[in-house]
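Across the two complexes that follow, chain A remains constant while its partner is chain B and subsequently chain C.
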Partner chain A sequence: MSVAKVPAAGGRRYWRWLPIAPATALLLLFLGGPIAYCVWIALTDMQLTGQESASFVGLDNFRRAFQDDAFINAVVLTLVFTLLSSIIGQNTLGLALAALMQRAGKTVRTVTGVVVICAWVLPEIVAGFLLYTFFHRQGTLNAVLDWLHLPSQNWLFTLPILAVSFANIWRGTAFSMLVYSAALSEIPTEVTESAQVDGANARQRLWFITLPMIRRSIGTNLMLNTLQTLSVFGLIWAMTRGGPGNRSQTLPVFMYDQAFDKALIGYGTAVALLLLLVGALFSVIYLRLMREEV
Partner chain B sequence: MRPTAPLIFSLTAAVALSTLTGCGGGSGNDKDTLEVAFPKDTNNKVTWRDDYIDDIAAKFEKANPGKDVKPVPIQATGNDYYTKIQQMMRSSKTAPDLVYEDTFLINSDIKSGYLLPLDGYLKDWKDWDQFEESAKKAARAEDGKTYGVPDGTDTRGLWFNKKLFKKAGLPQDWQPRTWDEVLETARTLKRKLPDVIPLNVFTGKGAGEAAAMQGFEMLLYGTDDPLYDEGSRKWVTGSKGFRDSLEFVETVYSEKLGPDVSDALDANIQTRVPTEYLPEGKLAIALDGSWLSQQWIKTGGKPWPEWSTTMGRAAMPTQDGGGAGKVSMSGGWTWSIPKQSDNHDLAWKMIKTFQTQQNATDFCVRGAQIAVRADVAEDPQYQGSMPGIEFFTDLVEVSEYRPALPVYPQVSAALTEAMEQVTAGDASPGEAADRYDEELESLTDGAVTTR
Partner chain C sequence: MAHTPAARTARPVRSTRRARRARPVRLTRRARQRLAANLALLAVAAAFVVPLLWLVFASLDADADLRVSPPASPTLDNFSAVLTDEITFTPMRNSLLICGSATLMTMVCAALAAYPLSRYRSRFSRPYLLTILFTTCLPITAIMVPVYGLFVQINLIDTLSGTAFFLATSQLPFAVWLMKNFMDGVPVVLEEAAWTDGASWFQSLTRVIVPLMGPGLTVVTIYSFIMMWGNFFVPFMLLLSPEQLPASVSIFTFFGNYGSVAFGELAAFSLLYSTPVLVLYILISRRIGGGFTLSGGVKG
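Our next item is the complex of A and B:
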């Protein structure tokens, strides 16, 4: 199309919007609409059962959340889960795998790639059940530990947040690996080679050459990872249902528990909006980091 | 360039419009198809209810040519099933035509306006006179109207494995008289048979209502303190009975008299007890429902012919043997018609088909249910259906019903939460009881009374 070459006249601007008007309308209808509806529900005391009609309660649900120990607990666990599994786990492991694979032979690269990506391709709920049987008291992991004569652990009970974090690392590392593989292959070999000639060792090359050059990819990857991890529900639900007690109850699980098990749709929706806020905060931080020039 | 813009626009609009109208089409408007929603066990081998409904559906289709019954099995644990049907019943696009409602939450769903009052139909149905008064009340709301037809009821007590008892040198006709005797027996079992789980008491959020009713209420109703004070129409907080009941749960799990805590809190425990622990001789005593043998007969999920000679039954005693000396709780399920369905008359016809004398008997036999109809209770096929039917039927006399109030499901959730904290060792019975009191006050808008 040669539209871009024609200088835009005042009236033509509007016409340019025309082709994407349907898409915009659909987005507003199917994305904006539900969000607006959510905000409305969050301001009511709507229940799934046991109530004749919902009434408007203003910001009561939000006030209630901040006084609710279980909500605070869920926020803390969500941050722990995100930090452990996404920022530290998936991100670092993904980068390490990508870096190692760059140097590996073709066969090793293919095999590792396939294995890692398999975990990623599995539907969340399937992965959830697989990992449930893996971490279960009588599961695979403990069988292996027994065989090695190491003390076995009741993973899903003693430190469930760690178990679900590991599960999320296992599942999500492939994504980081793919992003970093692409980023690393973009680094011109001349740059690394000349650094090598200048006497930089491997660690210095990583720190002064590689990391700064893939900074943008790191930012993008962190953002996508974090947002994905914040909303992980099926994995945790299948493995622990947020239990025992509420030791692995992250915000999405807490939200489901309130909205559907306790039938408090209004409160659950308010929690969902707060979760959105947490995600937005993370996004802003990452965007800031990415904008900064070296 | 200009001419292409409208072209693209109209093309996109056409695609979008056709997609949008596609959404509106939905199902559920078909007058000849009757959708029947019911829970399906999470263990795939357990299909007795599916089979029963398929059989009745076939009879119905034969008697009503041109009509089609579409079973909608919802495979889920207890609480997830309730959530699912509530969501379905909110909209006429998704509402099934007939729904299987637990009396546990029927009052709550009635208040939400999900269900159709059946009085108009019931007054012309002479079979209704066969139903016992207490069963009729199960689905009668605060407004005096009836919203469901019950198909059976249940009672609760202690099941015990006589073979394991023999090995441990315990009596075959065991009947504990106090809580302490139950715990003492469990301790003996633990000593003599270290590989066997002595006693299961459902607990925690995973087991859901099973924990609240089979577990907690079976204890609490055996103390001097009620859950709900009928006189003042208020919920009870701060009672000694409440703490004592939590303490019983704590004792079971801290002394390791129950299943491993992680198994006890697993949502699958309710299926695992009758299909795995008991038949495989891994569990000696189960505080559970009268219906367990539905799994062990030949239509069940775990056929186990020896059950009738292996399993003994004992009534759950009150805390210190006072009162009637024994405790039981009763519940049951009803067939109800969602208001949002547009096939009310056909749905009613289906309920009548479920409740012909013969089909109702068949259900009670397959489901190991206690009959709610006089003509079923008299049927020899029912009377000879399972050993112990007299035992559980006799418990009806002392059996209590849960408070039939819309807020009950939420109270139940708070109960299971208190149990879970105590079981996992995250809180003492006192702390958990205090949290429950707080929660109760907010759930009921302060309609509480302190003992």
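Our next item is the complex of A and C:
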């Protein structure tokens, strides 16, 4: 059989790799190109107004970033946003939903699944707009709070970062839920049952049986959630535009603001490069987690 | 609750007490657990459904505001107001053009690239795949500023084709990765049968492998399309003239001036814009359940 598989030696051995060319060309041109360009612009003082004046400034943009209060503010907000919405929110809620779904009745499971997944499938900008109305001063959340006789708030003004974090939880939990549902269904029932027979209570079973058995899924899920959350732009843009002031300005919004509203392409790109490096770091960790599958 | 009588009748029989009691008690606990799980899930579902309810109610309400409230007299006026060339049809056509051509490009390039990666051994394929997997994780948002700069230089800015090229590339690593894995699942035996009948690699790819990968291929295609349809940042950066904007960006024309937003019309438009991806997702969610086995292809 393998006679047919390797027809000839020499030139043909290289020609048969030709089908890989279109994909590689696209990737080099539209992904590799911009990344190289990104490194180059980040080292210049390029501005939107004219390319002639751009000159090489070395690491000035980075030095400037670390002394810029607005940049530090964006870093802190990005950390808060990622921690709250991805690591605590989506991840924990997704795991809780998946665990509850195993115990719940079929109808309830289906209804919850449809609602949560619906929030995930909706386009980002629609989700942003829906949560804008939800958190707005005259929106539904305050209507509910009024009805419960609790103090209402102008959420998008007083706690914008909390509002966008909740928005991201609303939108992103379905992914974790799907990942964990798949992982939990692969745990053989004998294992949990024998732990139960040995007298382990629910918390012990979760801590010593379930979590260790799905740790690979937890790692993968945390990594993908964090990467996705780091690059959220549309949701925040639709809800607050990074405001009021810069109180919900995470790194992607800060980068956009510097590059286009303030016309400092060089500086904005330096920020983008930092974001890219963080993303690359997470990707490497992800690769290590996935190593067995390549 | 239903098991309490059983537990009572079991109690008097002393000799086998442990054995008999264990069962009903465990069942009631399970029933209690199920009830608690149901209630917790319904609470979460209720919280999640509120913004979605707003979308549906407001689209049917002639004077919708920011709060969820069932329309007093449901009407389709909002839909007829937005179903014009300028508001709905042109942006939707742009979306379809961009995402359709980009998806086609992604799938063709990914299928071609996956073939040698899946079928030939080489020192070169493992690093290539690792690089591909690495790029699937890179935050595309971060490179949009340099992409904008690059597109200005090579005159692709504000063109539908340039945007489609970039979207196709951004989805390509993931598509190659999935496609390679699907292709690994197609037994080489079937292909060898085609070779002995004199088929070239291209014929065996298009006539044997691609049809056998049908379900997987459909899922990747639809998934890519959904991702592109919902993408806001890429067209937001790369397209400038209003008549070229896809629906994901043109929605901001409702949203831009906060004072005078017609919320009902915005909701109606959002619903129209979201419908294709919702329908497509329903299609693949069924496929994911049933179609991933290729064992039917080889009978031995």
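As a convention for this text, the second predicted complex is superposed on the first by the 249 of 294 C-alpha atoms of A that agree within 3 Å, B and C clash if a C-alpha of one lies under 4 Å from a C-alpha of the other, contacts with A are read in each partner's own complex, and residues count from 1 in each chain.
Throughout what follows, contacts are C-beta pairs under 8 Å (C-beta built on N, C-alpha and C of every residue); 3 or more make two chains touch, one makes a residue touch a chain.
Since the structure is predicted, the reported quantities are computational estimates derived from the model, not experimental observations.
After overlaying the two complexes on the shared chain, residue contacts for A:A104 are found with chain C alone; chain B is out of touch. Legend: residue contacts after superposition of the two complexes on their common chain; A:L162 is shown touching neither chain B nor chain C.
In the superposition on chain A, A:Y37 makes contact with chain C only, not with chain B. Residue contacts after overlaying the shared chain place A:L26 against chain B and chain C alike. Contacts of A:W15 after superposition on the shared chain: chain B is touched, whereas chain C is not.
When the two structures are aligned on the shared chain, A:W170 is found in touch with chain C, with no touch to chain B. Within the superposed three-chain model, A:R241 lies in touch with chain B and out of touch with chain C [touch as defined at top].
Contact with chain C, but none with chain B, is seen for A:L227 once the two complexes are overlaid on the shared chain. Once the two structures are overlaid, the count of chain A residues touched is higher for C than for its counterpart among chain B and chain C.
Residues 1, 19, 22-23, 26 of chain A lie at the contact with chain B in one complex and at the contact with chain C in the other. Listing the residues of chain C that touch chain A in their complex gives 33-34, 36-38, 40-42, 44-45, 48-52, 54-55, 58, 65-68, 105, 108-110, 112-113, 115-117, 120, 122, 124, 126, 128-130, 133-135, 137-150, 165-166, 168-170, 172-173, 176, 188-189, 192, 195-196, 201, 226, 229-233, 236, 248-249, 251-252, 255, 263, 266, 270, 273-274, 277-278, 281, 285. Contact residues on chain B toward chain A in their complex (touch as defined above): 1-2, 5-6, 8-9, 12-13, 16, 79-80, 82-83, 86-87, 105, 107-109, 111-114, 204-206, 260-263, 265, 267, 406-407, 409-410, 413, 420-421, 423-424, 426. For chain A in complex with chain B, the residues that touch the partner chain are 1-3, 6, 15, 18-19, 21-23, 25-26, 47-52, 137, 154, 156-157, 241, 243-245, 247, 257, 260-263. Residues 1, 4-5, 16-17, 19-20, 22-24, 26-27, 29-31, 33-35, 37-38, 41, 46, 93, 96-97, 100-101, 103-105, 108-109, 111-112, 115-119, 121-127, 129-131, 133-134, 136, 138-140, 143, 170, 223-224, 227, 230-234, 237-238, 252, 255-256, 259, 265, 268-269, 272-273, 275-276, 279-280, 282-284, 286-287, 290, 294 of chain A are the ones touching chain C in the complex.
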